[in-house]
Structures are given as structure tokens and as C-alpha cells.
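Going by the order they are written in, the chains are A, B, C, D, E and F; count residues from 1 in each one.
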Amino acid sequence: MRIWVINPNTTQAMTDTIAKCAATVAGPDVIVSGVTSEIGPESIESHYDEALSVPGVLRAVQRGEREGVDGYVIACFGDPGLDAAREVAAGPVIGIAEAAMQAASHLGTGFSIVTTLARTIGQSAHLTERYGMQRFCRGIHACEIPVLDLDTDPNARKVITEACREAIEADHSDAVVLGCAGMADMCGEISAELGVPVVDGVTAATLTVQSLLTMGLRTSKRGEYATPPVKRYLPGVAPAG
Amino acid sequence: MRIWVINPNTTQAMTDTIAKCAATVAGPDVIVSGVTSEIGPESIESHYDEALSVPGVLRAVQRGEREGVDGYVIACFGDPGLDAAREVAAGPVIGIAEAAMQAASHLGTGFSIVTTLARTIGQSAHLTERYGMQRFCRGIHACEIPVLDLDTDPNARKVITEACREAIEADHSDAVVLGCAGMADMCGEISAELGVPVVDGVTAATLTVQSLLTMGLRTSKRGEYATPPVKRYLPGVAPAG
Amino acid sequence: MRIWVINPNTTQAMTDTIAKCAATVAGPDVIVSGVTSEIGPESIESHYDEALSVPGVLRAVQRGEREGVDGYVIACFGDPGLDAAREVAAGPVIGIAEAAMQAASHLGTGFSIVTTLARTIGQSAHLTERYGMQRFCRGIHACEIPVLDLDTDPNARKVITEACREAIEADHSDAVVLGCAGMADMCGEISAELGVPVVDGVTAATLTVQSLLTMGLRTSKRGEYATPPVKRYLPGVAPAG
Amino acid sequence: MRIWVINPNTTQAMTDTIAKCAATVAGPDVIVSGVTSEIGPESIESHYDEALSVPGVLRAVQRGEREGVDGYVIACFGDPGLDAAREVAAGPVIGIAEAAMQAASHLGTGFSIVTTLARTIGQSAHLTERYGMQRFCRGIHACEIPVLDLDTDPNARKVITEACREAIEADHSDAVVLGCAGMADMCGEISAELGVPVVDGVTAATLTVQSLLTMGLRTSKRGEYATPPVKRYLPGVAPAG
Amino acid sequence: MRIWVINPNTTQAMTDTIAKCAATVAGPDVIVSGVTSEIGPESIESHYDEALSVPGVLRAVQRGEREGVDGYVIACFGDPGLDAAREVAAGPVIGIAEAAMQAASHLGTGFSIVTTLARTIGQSAHLTERYGMQRFCRGIHACEIPVLDLDTDPNARKVITEACREAIEADHSDAVVLGCAGMADMCGEISAELGVPVVDGVTAATLTVQSLLTMGLRTSKRGEYATPPVKRYLPGVAPAG
Amino acid sequence: MRIWVINPNTTQAMTDTIAKCAATVAGPDVIVSGVTSEIGPESIESHYDEALSVPGVLRAVQRGEREGVDGYVIACFGDPGLDAAREVAAGPVIGIAEAAMQAASHLGTGFSIVTTLARTIGQSAHLTERYGMQRFCRGIHACEIPVLDLDTDPNARKVITEACREAIEADHSDAVVLGCAGMADMCGEISAELGVPVVDGVTAATLTVQSLLTMGLRTSKRGEYATPPVKRYLPGVAPAG
């Protein structure tokens, strides 16, 4: 069973972290590979960044289809390109936001999301609605650490841990969802510190793909996720077919 | 890793089917056991049945806690006693309805539920709301086969398959959720017949428990799911502590 | 006209208070009786307690049906067993939460609920949704007095009154709903103190049952509340029929 | 205890029917009077009619306040002027739509509304939302009999009964709400014919006012329903004070 | 193209301000006239006031129809009589609340409303729901300046500007909607001061009417806004026909 | 005042039609230009197509910003790239779906959308939710004519007109929204045929941009639509700054 964890930004170091986290949880018969997007922004912190990350995500999925990959994780908390990727892929495609929120919905009656920059809160809120998770999400909070500083800022973990602590107090939450793939390796530590479950979407999404594949479930091609019609594209973008 | 799949009704044959399905998908390091409720109704087809099945579910979870069980599946599509079981258990407790609906939400943009008797449609509808799955569920349909006839009625599979076919047509759905634990072993066949993903909650819930345990996630004891206060109970019901 | 006010916990003193309040408002041709549950917890402060109170509620309704009772009040703010009781009873069955919230919805544009322990807030919130009262309910607040201390704690009334005052300020509410049957006799006093309507569910539910009976309205047996199918139950629980 | 049942249209015959129905259910210590609006339309079948009926309703309430009336029913299914009347009155004011829908919400899990002309369906739908009753209302249907023909058309009862029958079939409902005060006296007959509860708002609202008064509950003057500020009005409309 | 901007209260000075603002934005081929209601309250600050303003609005629209007016603005933030006016008018009728909120929905992801008295907040909230704008409206705030003091109170602009500043901070909004026609001429100043878009409904509604007329769009007479049936009205109110 | 109407697909003939419609309604002081996307698909009929059209839309807006364009219309009914374009542009950016639905919301109480292929219905449904227009949209229907055949298929108008007729019957709607920019020039004809308002988004959006500019309203740069942070992009995509 082969699963690709696609990093929608172009920063290889982040892919490495993500892939390592994903591999830790995957079953013995699963080969997890991290894939870095080849086009687009080095990090995703705006609608503009997100929009421009999607062609790279789709190109990665198309390559995966040619290579016989069984399922995909889109490892950015905005779940960029999810619908389009499902049209292109035969197997399951899971975003880390949907997987993390669904996992958290089983652990308590309300969770808080702690994300990077405040300007991305709107997109997280949109996703809580899209996935029906509004009723579980009690608040979305920013730690105001840019994505690419998560790894290099020596205070990052402490700042994020404090943001999580304040979030569960303010929201009367009983769990936390980390709102960025770049935080994937912080879960255990923050959870130990705060005494509540802390969910990372990279591992959650990897296990969701693995579970769907184990059950023999693939993307439905009957309706909206049918393979897109082949057509002419202006330079540089390959057709889906 | 030990997971108990609790059958909330008292029919052992149904437990056997359920346990077999669950074991098929569980990972190599997971021991899955089917547990039949010791008190309550032989099948669950009304609010009355469901209410009276809950003490048996809770008694099973309490026994599991004493025996060091890691997580639980409640294997009836009404997810009876889910909140109370989460208060009692330290590890994750997952209902088959929530797991099945969440799985289906990844495979298309809208699913249909096919359940047993029409009088249970209301409870399924209630659960779609509770889990935020209303936006994915396009219809709930009854095949009007009583739970205990699923195994014995020679036409059951055919009737259910036709009900699924009609449901996806009527609802413009692209996936099906089977609305009874007793249908757990019919997924593959119906899916092959209809060409759309068909989701069974028993396997979905088992893998959800396994995934949460793999990620080290347990029920939050900070809020509503904290251990219930110990108190005096009148005859026959053991306290939670 | 005979109405039973069922106390879902096993504490007789609480039944006495409830029955007295109910009798105060009932019409001259109405016989109101308080009935204490014979099995289950001494008070209801968790999902676990609530789940284990339901069999006792249903047993009481079944006894009432045999004795020709016309209608029932379930006198615990979680409205435990409401759906199942409606399946069993021919006449109307009303929970105190639904009755209190509906009454309050006529008196202003938004009410606050003041309940006992914070861990029960979730269940009250669930009921506001179930009854369509979310749009009227502006907040749910706990006074953190356990149910059985309501009667004995000399400061209870004062603490609850202050909780009500803070609730209407914080929520910009114009009415209060008391979130526990054990507070039934405090309405008048708190309302006089705060200058806003304060609603108790026990009296509200008793009058709702009385009103429905006066109009000749009984539980519909056409749909989801039809009498449950008779079936085999393991020890100690009588069938519904 | 004095309750005025205000007919918002100017047709005395309709007031007579309404008042008779209300009196049938009121308690022995309650004096129910029918009051016909003195200005406005002879029947209410459009937003225009409804808007122009409101000044007459308010004038009636103002007269009632001067005469010491305890509570009011607004006896038109559009509940015209409800908010404004609550600002003017000290005691409770109840619309027949809200009372009927709340009553029906206790009797089953979903009701159908059967009203007069199709062009009023929108207003009924608006009220189901306003009162939080959308989740109980499964459909709104018109019998296309004008309000003033309800009494004179010899086929009216039969046509309405058939409309009710079709509604519960089409909507899978288990109760019916009659959507016009002019249908108040048809409940029993239709219910007997169809075997489901049929709710009339006039009796329901009268009993709701009576119940609120019995509990000592009056309109909150703390918030949005505070007495309106006195001000200058151009000819013919008396100030509220 | 002739557009009437109807002031639903009877204060001519306010009509003058409103008409001036409307004229500023209207296209070269548009004749905008301010029309003062001839009956009703001098200002609208309660449900009572609003209810009694509606007959004057409808009378103005009826006069406009006789004079061949093409479209109407209802220039009070409660949008009084909107549905009824649409039944009466052939051309478009737009309320300033709906127009302002729709305009603001294009400029950011969430706006705050700043209105006059706190007691009108409920009506604004109702309108955000009616128009589907709840998801854009992050808060409604009162400056507690009565409508008729907006023009005369020398501190009005400063107080309102501060209320807007506090609103966008508290609500994390990125735009402001002014919640009273009497604030129509303050937009530019407040926007310049705060650095966010500030929307006035009078200009927004005037341009919405003008745009609809430019596109040849008029009120649909197929459904709920069909011309109301002619009927007998008691003294002083002319029939619609 | 300069407005660019951006065609997100690469088909120049479609741009020509769109630009012509837009120019017809624009005011005398407005210069409207049609702009064809330089990269991406020739038509947009899937999530995949839509995702790949966004970079071209953003590139067009960036060019417009350099040339001092005042506002933009995104002329595809999926409103592709709207959030990102608002981050990039200083002036207003309007999608044709939002403009059309808002216009239709003024003309009746419920509209139907008639679009091209059934597989795009999901995206239209998503937009009705995003814009708060779900309460006005009663149905979304496909005519199953591919986008590029709208111009060439001799039966297109007839087929679409019939689809509109069936939609308003089935949905009990009183207005129609055309769900594709390629239908922009069919409004008048279909409206004349069916006797209900038919709204095209291209003209509606052009007039919305014009109206916002006339009021001096521009995209708020305070919150989510602030200029995106400058960062490194891999080949071929220019940074936003």
C-alpha cells in the first residue's frame, strides 16, 4: 500500500518533517513518501498563496496516478485543491484539516484550533463549516508565528503551547487541533504539558487514507468527483485524463 | 492493542458476524474481541429498545476498563450510550454511525443511508446532525427488513442492494452508508453491484479506534467526558468509579 | 385528569418538592402525583447518570399506562428518556426542559439557562438544539451546586440568584430558565429579586400536559412514536407491549 | 383572569367562531373575550393585508391594557404585530402560529401545516424559522380556499381534510397544524378522520396565555419588549404610553 | 428613470438628508426624490414604531405607482413594510439594510453594524438572518443616540465614530455598516478616520434600485409578491389594486 | 472609472460576448474591458478546471493593478479565485455568482439556478452557502449543454429556456439565475418567454462594481483581504507585491 503525503509548499525541510511524522503511524504494509510541490509558494499564508499552491498539488497527484500510488494526503491545513485532487485520483485523498477535526470530534465535545497567522483563521473557519465540524470547533486562534519560522524560532513550541493553553481556557474546550502541517511533531509534547488530547492532521490524515484503503474504499466516480473532462489548456498545465 | 466491539443487543450470532468483520481490517498488533451485551433487547428497533440497551453497553465498558481494554466500538447504528461510555472509558469509544458517516464524507460529496425499519430513520437523522454530517447525508431510506431477519431472510441482500440502488438515484448520491451493524458483511458485494463506495460502520469504527490509539489519543477527561461523580444507585447497577 | 410527574432520580425529598410545585398550578379537575423512580441514580449529573435513569422512567410510565394515567412530566432538566417514553405512553409526555424553554420564548427575545454543575451544560445545549430553542437561548451557566445540595445548602438560593443576575447581564437576556427540577420552588423569589421572568420547568411542563389533554391531543402513534415492537429482553426489564 | 382573543381582521363572524373555540378550553376562572379589529382588512391573505392589520391589533391591545386585561391571543396564523404588541402589553401575548407549532412539537417528530392560499406559505415558513420550529415542520400546504369561504363553502371541511391527508403522506408527518384561525373548529373532526393529532392555534394559544398567567409569568420589560418610547405620531394613531 | 426614496418616519429634515445622499450617487438619467411618510411616528425606535410606520410606507408606494415611479428605496434600517411594498409595486423595492449588508459583504469577510438604540439591535439581527447576512455580520452595536438627535447632537459623529472603532476591534471586523438612515452622510468621514470601508444603506439601496432597473429587472409577480387580492378595508386605508 | 471583466477561461469568443453584455449596462463614465485569461483551461466544467483557472485570473488582476484598473468582475459562475483576487486588488472584485444571486434575492422570495453540466451543481451549491443565499435558492438545475456549445448549439436557447421553465415549476420559484457567463446574452429573451425575472451575473456584477466605486468603497485591507505577504515562488508565478 503506497501513500503519498504531498506538501503543497515548496520547502523540502517541511516535507521531511511531515513525512517522518506520517511514517511513524503508518502500518507495516504501508509505504509512505513525502512529496514536495514543484511549483508555487514556499509557504502558504494567504488565499493568494493557497490558490497558487493548487497546480503543484494537482501535478503531484497526476504523477502519483501514473506511478500507481494508492492514496494521498494533502499536508497543509487549508486542504488546498482537495476537490480537484479527488477528481484526478482514483484512490482516497484526505486533507489534514478534515482528518484532524474528525479525530478531535471523537475525543471531547469541543476543540480549539491553534494556527499560525491570524489572516488564515478565515480559511480554517471555512473548513470547519465545509466538513460539518462547526459544532465541535469552539474557537480558532493564531500564535502569529509564520509557517517557515516554526522550525527555526527557538520559542515556537513554547509560544504555541501557551496559545493552546489560552485557547482551551477561553473556549472551554477539551481538545486542541494544531492548524499547520509544520506543527506535526509537537503534539505529544503539548498534550503532555496541557493534559488534553492534541491532534495533528498529518498523522490523522495518513491513518485515514490507510483505513479507507484497508476497507477497500476509493473515491466515488459517480458524481462530482468523476474524472474531469479532457480539454485544451494553455501552456504549461497538463490535462487531467 | 486491545479493542472491544460491543454489540448492544443480546443476540450472539450478530456479535459473531460483527467481530469477524472487525477482525478482518484490524492491524497485526490489534486484538479485536466481540462482546455481547448481557442485559437488554435482542435487537434495537425503537427508542425504547435503544434506551434499554444502554445499561448493558455501559456494563460492558466498565468490565473492559477493569480488564485493561484500550478502546471500544459501539456496534449499533444508533450509537447507543456513546456519551456515557466516553465518561466511563479512558480510551477512545467510537460509534459505528459516526465512523461510517465520516468515512463516507471523504469519498464523495453526498451519501445515502440505507437502514432497516422506517421507524429508526429519525434516530439516524438525529445522528447526522449530532456529528455534523447533515451536509453530506442526502437521504435516509429503510429496507423494512427487521434486524434479526438480516441473517436469515434469503432475500435480504437483494432487497438491500435494490434499496441502495434506489437511494443513490433518488438522492443523487455518490456513496452509501449501511445503517445497521447486521449489514456489516454486505459492503463489498453491494459496492461491486452498484459501482459506488458502500461503507460499513463496524469496520470503519474499528479502524478509527485503532488510528486514535496509534496516535496516542484518548478521551479527554477535562470537560464533559470527565469520569462521572460516584453516587448511590438503586439495585442492580454498579457505580462508574 | 391524572398527570404523573416522574422524578427520574431516586431521591424522594426531591419528588416531594416537585410534586408540590406541580400541584400548585394544576387546574381543579387535575390530579397530579409525584412518582419517584425505583431504579437508578440518586441524582443526575452526568451522561452516565442520565443513561441509567432512563429504565426507571420507562418503568414508571409503563406502570402509569396500566393504571390509566393521562399524561406525564419527566422532571429532570435533561429530559431523560423522552422519546422512549412517548413510544410507550398513549397520552402526552413532556420534559421540563422543553416546557421551560418554550415558555421563556414567549416572554422575551432571549433567555439564559442557569443549571447546577458545569458538566451538564453540554446536555442543556443539546436540548436547546433539539427543541429549536437555540435562537432564544443566549447562554447556559452553572452555579456549581450539586443537585442534592440545592435543598440543604443554606446559600443555595443566594448563589443561584447571583448566577441568574450575572447570566442576564453577560448574555443581554431578558428572562431566565432554571435548569434543574430541584430549583422548582425558587422561581418567584428570584424573579422578584431580579425583575425579569424566571421560568421553572416543572410547573411549565405540568401545564403543558394539562393543556394538551384539555385540547384532546395525545402522542401520535403514526410515526416514530408508534408503540415499540414487542421482543425478548434479557433479565429484569419488562417488554413495552 | 381575563384573556382577550383578538381577531386581526374585521370580520365579526370569524371572531365569534374563534371566541367560542377559545372559551371551550379555558379554565373555570378565566374570562375569554373575542375582540374584532376595528381597522384594516376583512381577511388577511397577503403581506399587504397583514401589514395593514397590525394597527388594529395594537389599538385593541392598548384598549385592553386600559381595561386591565391580563393576556392576549393574536388569532391569525401570521401572528401579525406580535413583537409590537408585546412591547405594549404588560402580560403575555401569544400568536396562534407559535402556540400551535409548539403544541405539535410535543406530539410527534414532525408536523405538516395546512393553510389557506399558497401565497401565504412564505409567511408560515418565516414563522417556523422565527420560532425555531423548522426542525419539526416537514411541509406547508395550501388548500386554496380563501379565508372568508372557510365558513360558507360547503366543501371546505372535506377539501381541508383531504389536504391534511395528502400532507401527512407527502411529508411523512405524524401531526397536522391548521394554518388559519378560521379553521379552529375543524380539529376534532379531521383528527378523527385521519387518526393523527390535529392542532388548532386558537385553543393552543389561549391555553398558553392561561398557563403563563397561572405561573405568574408576564412579558419581560428588561430588553427588546420594554415599553416603546413615547413620541409624536401623525393623525389617527394614538401613542403607546 | 424615477426612484423614490421613502422616509418611513414623518420627519422632513431627515428626508432631506437622505434625498441629498441618494442624489449624489445616482446616475445622470435618474431622478431621485425624497418622500416623507404622511402617517406614523416621527422616528422609528421600537417594534411599535415600526409597525405603525408601515401604512405610511405603503401609501407612498401606492401613490408612486399611480405616478409611474420606477423603483423605491425604503430608507429606515428596519426595512419596514418591504414585503408588502413589493406586492404593491411593479418595479424593484429595496430596503437600506439589505442593500448595505450586501455591499459590505463584498468588501471584507465580516462587518459590524453600528445602530442607534440598543432596543433596535434585535430587529437588525432579524434582518441579517432574513437576508442571509448572518455569516458576514460579526456584531451589532448601539451608540445610544436617539434617531432625531443624530442631526442635532454636536457629539453625534464623534460618538458614532468611536462606536465604530470599538465595534471593529471587538468583532475583528473589516468593514462597518451604519444602522440608521440618519447616519447616511457620515460614511466618508468615519471611513477616513478608521481606515476601513463604512457603508451607508441609503446610497447602497439607491444604486441597487438603479442597477436592477438598468438590467430591466422588476419584482416578480409570479409568487409571493403577486399583487394582493382586492378586498374591503375598514376606514381610512385604500385597497391595493 | 475603469472596470475589467475577466474571463477565467481562455476562449476569446466568450470574452467578447461577456464584454458586450457588461458594456451595455455600464454608466457613461465607465470604461469596461473584457480580459481573457492567458493560462488555463478553455472552459471550466470541473473542480480541476476551476483550480487551474485561478492563476490566470490572479495574473490578470495583477496586471490590472499595475495599469490602474478600478475594479474587477470575475466572469465565471464558480467565482474562481475571488478571495485571492481581493487580496491582490485595491478596488472591489465581484464574482458573477454572488452578484446574480444577490440581485435575484430582491425580486422574489426564491430563485432557481440553471447551469450547464450537472457536475458543476455542487460548486453552485457551495456558493449559495458561502454568500448566505441558500435561503433564497430553491434549486439548482443543469441543462447539460457544455460551456463551449452555448454559442454554437442551435438549440441551446430553447433547451435552456425549457430548463428554466421546469426549474421554476419544480422549485416554486419566482425568478431564475443563469449559472454560466456564457448565457449572459439570453436573459431578456428567456424572461420574456417565461414571465419571470431572469438574472445574468455578468451585468449584475459589473453594476455592483460600478456601484461600489460610485460610493467610494474599496476592498478592506484591514483583515483577511490584506495584501498577501511577499515570498519566494517557484518558476512561472509572479509574487503578489
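Here, a contact is a pair of C-beta atoms (placed from the backbone, for glycine too) under 8 Å apart; a residue touches a chain by one contact, two chains touch by 3 or more.
Nothing here was measured: the structure is a model prediction, and the numbers come from that model.
Visitor: Give the pair among A-F, D-E or C-D whose set of contact pairs overlaps with that of A-B by over half, matching residues by number.
Guide: C-D
Visitor: Counting shared numbers against all numbers at the contact of subunit D and subunit E, is it over half, same, or under half, different?
Guide: Homomeric contact, same residues on both sides for the most part.
Visitor: Subunit A to subunit C: how many Å between their CA centres?
Guide: 44
Visitor: So how far apart, in whole Å, are subunit B and subunit C when each is placed at the average of its C-alpha atoms?
Guide: Centre separation, subunit B to subunit C: 30 Å.
Visitor: Could you list which residues of subunit D touch at least two other chains?
Guide: Residue numbers touching two or more other chains: 109, 122, 223-224.
Visitor: Hey, which residues of subunit B end up touching subunit A in the complex?
Guide: 25, 27-28, 92-94, 98, 102-103, 105-110, 131-136, 168, 172-175, 187-188, 191, 195-197, 199-200, 203-204, 207-208, 210-212, 214-220, 222-225
Visitor: Quick one: in the complex, what on subunit F touches subunit A?
Guide: 10, 37-43, 45-52, 54-56, 58, 81, 83-84, 86-88, 119, 121-122, 129, 146, 223-224, 226, 228-229, 231-237, 240
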